[in-house]
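Structures are listed in the sections that come next.
In what comes next, chain A is part of two complexes: it sits with chain B in the first one and with chain C in the second one.
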Partner chain A sequence: MSGARVPDQFSARERLSLGQRITFGVTAAIVIGAFVLAPMAAMVGVIAVISLLYLAVFAERLVLLHRALRDPGLLRVSPERARAEPAENLPVYTVLIPAYREPEVLPHLLTAIADIEYPPDRLDVILLLEEDDDETYAAALAGDPPDYLRIVRVPYSEPRTKPKACNVGLTLARGDLVTIFDAEDRPDPLQLRQAAIAFREVPANVVCLQAKLAYFNHDQNLLTSWFTTEYAMWFDQMLPGLVRQDAPIPLGGTSNHFRADVLRDLGGWDPFNVTEDADLGVRLHRRGYRTLVLDSVTLEEANSDAINWLKQRSRWYKGYLQTWLVHSRQPIAICREIGVLGFLRFNLFVGGTPLLAVLNPLLWALTLMWFAGNLPIIERLFPTWLYFIGLVCLLLGNFTFVYCNVVAARATGIGRLVPQAVLSPAYWLLMSLAATKALLQLVIAPSYWEKTTHGLGAADPVDDDVDELASGAAAREVSHVGV
Partner chain B sequence: MPPFTPGAVPAPRARPDAGDPAGTLPLEPLDEAATTSPGAAIVPPAATAAVRRPASARVTARWRPAARGLWVAAAATLALSGSLPRLWDATEAQSPTAYRLTAALAGALALLARARRPPGEPGIHDRQVDYLVGLPLLALAAAELSVPPARFDDRYWNAHADLLALPLLAAGAITLVFGTRALWRQRVTLTVWLLVLAPLTAGTVRRMSDGLAWPPLALARTSGAWLGGWDVVAAPPHGTVLRVADGPGGAVVFGGATHGLVGGLGALATIVIFAATAATWRGAARRALTTAAVCVVVILGRIGVAVLAGLAAGPASARTVLGHGGDVVALGLILAALGGLGLAAGTRRSRGGARRPAAGRATGRPPVARAYPALLLVALVCAGLAALDIPGNRDLGPHRSAPHAAWPDPQPAADPQPATDPQPATDPQPATERVR
Partner chain C sequence: MSASEARSEANARTSTGTSTGTSEDTMTVPIQRRPIQRRPVPHGPAPGEQVPGKVLSLVGDGSGTAAAEAAPARSGPRWAGLVLFVTAAATYLGGGVWLCLGHDSVTSDALSRTANGYYTVFSRDPHLAAVGFVWNPLPSLAQIPLLPLATVWPEFAYRGVAAAVQSALFMAGAVVYFRRTCLELGAGPRVAWALTVLFAVHPEIAYYGMNGMSEGSFLFFLLAATAALTRWVRTRASNPLAGAGLALGAAYLTRYETVAAGLVTTVFVGLVAYRRTRGPATLRRSAALGDMTVLALPFVFSFAVWAITSSLIIDSPFAQFTSANGNTAQTRLSAGGISSVIDQPGGPLGYMFDQSRVLEPFGALILAAALGMCWRRRDARLLAPIAVLGGAYSFSVAALLAGQTFGWLRFSITIVPVVLLAAATLLAHGPYPVPTTMPPAVRAARRAAARTVAAAARRRRSGGRSRSANRLATAGHRLTRRYGPGRYQHLALRHGHLVLPGVVLVMLAAAGPVTADGMLNPRLAREESYFLTQIFDPGRASPEQRRVVHRYVQDRTLARWLDRQRLPHGAVLLDAADGYEVVLSSRRPDQFAITPDRDFATLLGDPKGHRVRYLVTRLVSGSSPADAVADAHPRLQTDPAYRLARVEPNPGDLPAWHVYAVR
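The block that comes next holds the complex of A and B.
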């Protein structure tokens, strides 16, 4: 890549910096020493720290929910206005589409590209295929791609990750604006127009717009229903809440729109980070740039298979852990850049999400052991003061998360998601599995990209429900949000 | 627009053999099917022929799952070996609680019914997930045998809560040895098996057994009255036993026909467990009916044989047929018949071919190519549980204090009952009075 690359201190190429190694080593030594010298006190201390962490995360989620419900602050450009925009006012737009061994979704992809309502002479679509991916390449050629679509064979190099392919695409991009779509995505045809207009009207420091993502196969099975509700919660509550808090936004992997010059200036995506999007969102924020949420929906295929889901989710969690570790290398510097409160929020949101998912089974096991065995050791682990904190976590915390899910399910406008959202604690079990796998892989294969198999979903969306998802029941009309 | 020429991209070309100081080279796929795409599932016949394995390898591949299954079954049996004497006590006494042994065996057989990979199942597997799911399940099974006794004490053992560990052990072992997808395939069967083995007090079990005995009792009474000369009564002290008095062969007590291994509860457990092996509600109903039919045929056939034996060779023969030995034979017949029916159905399905191609490149390949570490792990855990002998170390009845504890004399026919259970713990009729 001829352009700038992500500076080493922001790259996940190295798992831990020297400072982090020393910090973790010293912490581990202290904890082990405490367990040897005073095991019960040490265990109580560990449980107390975990419980306080849970309390902080619950409180944070409630604040996000409150802010998002009060004013989601979504950027909205009406379809009429988007269509009315003269072609000469629209910039050249580059669409990057990385794909690997996905010939079966190519027809959908070409249809989705053909549906995009943007002047063809200002559209620059780059399909990024790995050098050895002949099957997808053949399928792309056979699909009679339009003239504005370029097929780029990304040469073999390590690591073989999506961000590396995107960086190759970025060097070739001709557009002033750049976005990424996955091969199986079905973006709103007006999304590029809406983003182009929004970029013109938002302050100059807003360099990224994240479109909302939803799933077209939410009714395929219980897993896709939970996944849809989770995405609704993410894009209707969490991200708007984070925007309102002026906190770093972990971007979603697709349908994020950038000003190309700023993206190049930042070095593009970190090829060693398996959630390069989340990392990029944090890097943008640290440089003083801001991200807003665009009220336009891209439909994706929800993972309908549990093992496939675990692969995908473990990659996401691993990427979050990588991002957390990368940006915690210089805590004083990041505190200066995003503020102490912002850093705390970053820790809770980016680090806390996978870590709590790892810790959940431990606390479930303790609870189960208490009810099943009434073991005296459990009683000793929870002295009175800690017992009540634990009780609050158990009751209020779980209620908070189920409540957030139900609110999000209701916001989608699809009635049958609501009762399924009540069952979401079972979904957390899967999350814990994925988080544990992520933690394991962070040690043994930090940059290994767990490929998600696509094409397992229902063939066509249910039109009425898709309309509900696409309309964004919770969206509100705002011209722009001052940042 | 022509495709981009790779040479125009100045990204460095690095091959794995060129070294990677950061250690960030991607791993090989975690198993053979880890990075597959559905589109690759359709393999042309020529390609299949090209990669055809030698006959010896095919034979090995065919028998490998069976060998693994036997290994797991043996390990699970070893783990719960301490529970077997008490289960056998209940069987010998033809107690209603004997249904637990029936349920345990039926559950193990039912797992085979869904062992075959159905058409359309994605070929996506992940060994890391297998271990992350399987190990906690094994730990849960071990915890089930060690943690609740601290709280529930004798109630735990009297209600045979230790048997709950069996489905958990099976779930863990299946996951480790056959993969998480095999566990997912068996989820309903395992859950129902767990529910059927739920710990119930002996009083509850007896009441359920009485309830199940009422319809055949009423039917027998009606039939007896219609035939004439047969006086069918509920034998004291409970209504779970059919006693045919004043019949041509004298009074006959059909104890084993209404409770015991193949009594009402045993048959019900078998029906429910086998119904749970179906993939659809309609299939479940069909399997329930088939299982019920098999149970009814075997139970009625056994009674018929007992009557004939009583007529032909005297009461001792009838007693033999209706005793616990007859229970074991009848259960064997039921399970063999169900196994045979399942085998025949499986053969028909495989002749019929798949409804649609399975997704994933791993079609035809085992999801777990090498399971030796997993097999060893399962065996170690089960051996550990057996060495602890948690169930066997409990001193709950005469079989613990007497040298012949494991194989008690049939005369006392002691039913393992909790001390608080108001129901008498003995069979309503002494063996010597069963046929007069």
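The block that comes next holds the complex of A and C.
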């Protein structure tokens, strides 16, 4: 099966280019040399670089926040407007649903598909299963799938990743528009109509719409409530800011809608990148295409188990690092494409996020040592100017990040999340663990895809106080089973 | 092409459309769905072509977006705020420069805050903690970026210009937020402008915008919180609530009264959130708790950071109350002075009531009327300013009752915006009622006319048409024409809607002369009258009030005397809590070893061993309750190791500096 293929220079198949190897080698040599020759000065230098990095991330975050709050610029299509659109105006829409060994979520999936309000003759749902995944295949057949659902068994080949399956789906897609849902997702039933209408009204260079993601199991435990807050923050405070800033948008794993022709032209997803979505967002941007945020919610299942969460998060971080390395291979080319400032921001955002998560514990330890021991070595590590930067990051930076979480939690309308958001520094600790794991894994097994287990408890949203969407979906579940 | 289309086109043309628009556009522009021409771009647009962000946010049905709801109430052009800010700042700064350079009238609090900022940059041991922990740091920190100007223009720091810049900018910002709150409360643009002008030119507000003290920054953050909180009450959006929380957090770094404002406001937010959440009690409780957390977190954070930093560096979390130079110590020292003022019929509360009448003579009436109107309309918006500003005021009341403060007039300054904002509520919803009953004067005139006509008729009946009866009848008819029911109704219909705003504005404007006069009243405005009587009414000034404008002459001559000797670093020991002007006016600030220096205690313990040449000290007084040098060396006069080298000639109102040389 030939078709879409990501050009080699944009693929994470190769970890480092020759130039990157040389750059890293030389940098490492300089740092080691400095530590040997003048250890104290080298330490101060390293801390200075780290502190400036933090300061830059903090400043960037404030800018994003300001832009996002000032004018979120979401694409809104009202439900009435979406429903009123005559069927003949709607394009054929392909929905790709990659799944692997998750027969237990199949009933939910079939219900969610049945709920989609779109003319069946213009709907093309492709369930992508691996060749050896008999159990999910059997469950899908047993669920009496509708006519517009095609089950495609992806022939065995390495790497066995979601993006590879999606590329297969893309070559088979009949639609003018394509989207991806995960098997356990519960998209807003009107989302396809909304996206189709929005695509018609936005300029042609907008080739991707990212719907908002939220979790239906936010009240399962502390982890899921933190996760929910984190997503709320991402979609309310950061993503709109990135859009407003005209920065590359790292796409989320599901509910991103594409113009199919452009996606094929770009070569689809990179099967070697474990966050192929984030990578695709950057690639789109580099080609001059743009992504906007569609104000429609897809409910997902938040990871409720710490170990499972760590696996998922470390995959995300590894993918960010891969994406960062891939797109830094030709710094001059990318600077020409997205501007020097855009490239710096890309570094901060895509590379900086996992790297700072690795560094965080180190600095927390330094802070604790400073408070507890009043060690003279720490005073020598922080000359006055650096001390001020450190102080700003420690006090204002940390406060701002906690407070952003708190405000995002409040904005969800779920009051209970707010006090838990105050504890988000504990969540950051988990992030640091995941980032460390990701960094190690990037070296050992770059393309290894750690599958996230779904269906851990909280199968159905019950007694949801605010998420009418979720409870609506649950209610329909009862009436539509078997349709 | 409609206006919105033109705007869309304009945005589409800008290459960085993402940053050109603001949310106000989406709110005010009637949103129209408009087919956007698809450009034939088979393989994507040219690199660098960007998305016109503005056009896209217009996609959709435009039904009130969250952003639009959360947007500030706005009327009038956007530059209005900027013009207001610049005008107010320039006026306050002009007044401040006139006071400090023209009359050398600088308050000690203003100068010592400047000095606290100055030490962090120009002292012998520059470090951030030198800003000190007794007084809230923000007014000092805000001046640090300005202070390098003092290297080329020394008067900028030591004559109080830097402090005046600080207070002028903050108070001008407060004026802008005041106007914004008026609009949030529903006042029309003209009413908002009228009230804003009354606020800005109120003598107490104007004076504290000019004199470099911390009231400007305090009111700035309180009014920023007020504007945001009022918006939250109106829209229920989370961002204004966060804005109010952040403003209160910053306000704590300007004044301790914020503690009460924060507590009262948190409770207020909890009650409002609980009342308007629908659903079971647990849900309402968690909503209330969530909103209270958003509001209180920044405030709790600044409170905790300030207390922790303070206890790490000077081993005392609340130096304001424990330090020898703090407020508590100062009040203890001059408790006799206060009690003589407030120990009269009415007690402290009566005293504060009198002060409130100086600031807003009709305040209680306007506030009661506005609250009544809020109750009738079931509109809780006015309660937001009352929670924030009234909360701060409650701290002043409680502190005076506890004998912890001086009962300065400025501690009641929040009364001014509260009353003016109550008036904004009162005048919020036009058209104003037309008076249906005639005012007594009109009624009396009508009665007189009727009587005159009746008398003329009587005369006519009794004695025929005499000339006097004719004259009476004519006069009566003239009166009737002027004050008759038809004429009156005509007038009432035409101008009656101006009666209510007119009366309210006149009552508020009365505060101007009343406060101006009251600020020279030595009983109710002890601080203001002390500094201002000599300037505005020299005939009434007491001997101390005449000397206060020469307060810092001795500090400056002492600094010059020391400068001339070209002393080495750390040669002069001085308690900065009282000797700030000596350091500020010296061209060689690093010759002083001052209290914020990290090695001050060492030098104080053994001056000779550390090559200290002079110890500078003076008798303790009301404004300087402790002197570290005198405390450490209580017997300087008799100690043979020291010699009295100089007593500074002193035309001012404070004790003279004594300089002891180390033998």
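Keep this in mind: the second predicted complex is superposed on the first by the 459 of 483 C-alpha atoms of A that agree within 3 Å, B and C clash if a C-alpha of one lies under 4 Å from a C-alpha of the other, contacts with A are read in each partner's own complex, and residues count from 1 in each chain.
One rule holds for everything that comes next: a residue touches a chain if its C-beta (ideal position, glycine included) is under 8 Å from a C-beta of that chain, and two chains touch if they have at least 3 such contacts.
It should be emphasised that the depicted structure is a prediction, and the values quoted were computed from it without experimental measurement.
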Which of chain B and chain C A:Gln245 touches, first, second, both or neither: second
First, second, both or neither for A:Pro446, with chain B first and chain C second: first
Touched partner set for A:Ala409, first chain B, second chain C, both or neither: second
Partner chain in contact with A:Val262 - chain B first, chain C second, else both or neither: second
First (chain B), second (chain C), both or neither touched by A:Asp71: second
In the complex, chain C residues that touch chain A: 16, 18-19, 21-23, 26, 33, 35-36, 38-53, 55-57, 59-61, 63, 65-67, 127-128, 238-239, 241-242, 246, 277, 279, 283, 285-291, 293-294, 297-298, 301, 305, 312
List of chain A residues in touch with chain B within their complex: 1-2, 13-14, 101-104, 131, 135, 137, 147-160, 164, 167-168, 171-172, 272, 305-308, 310-311, 361, 369, 372-375, 433, 436-437, 440-441, 444-449, 451, 453-456
Complex interface listing, chain A residues touching chain C: 67, 69-78, 80-81, 198, 201-207, 243-246, 261-262, 265, 286-290, 292, 295, 336-337, 371, 384, 388, 391, 395, 399, 402-403, 406-407, 409-411, 414-419, 422, 465
Contacting residues of chain B [partner chain A, same complex]: 1, 3-4, 6, 9-16, 20, 22, 24-27, 34-40, 122, 124-126, 128-129, 132-133, 136, 143-144, 147-148, 150-151, 180-181, 184, 359-360
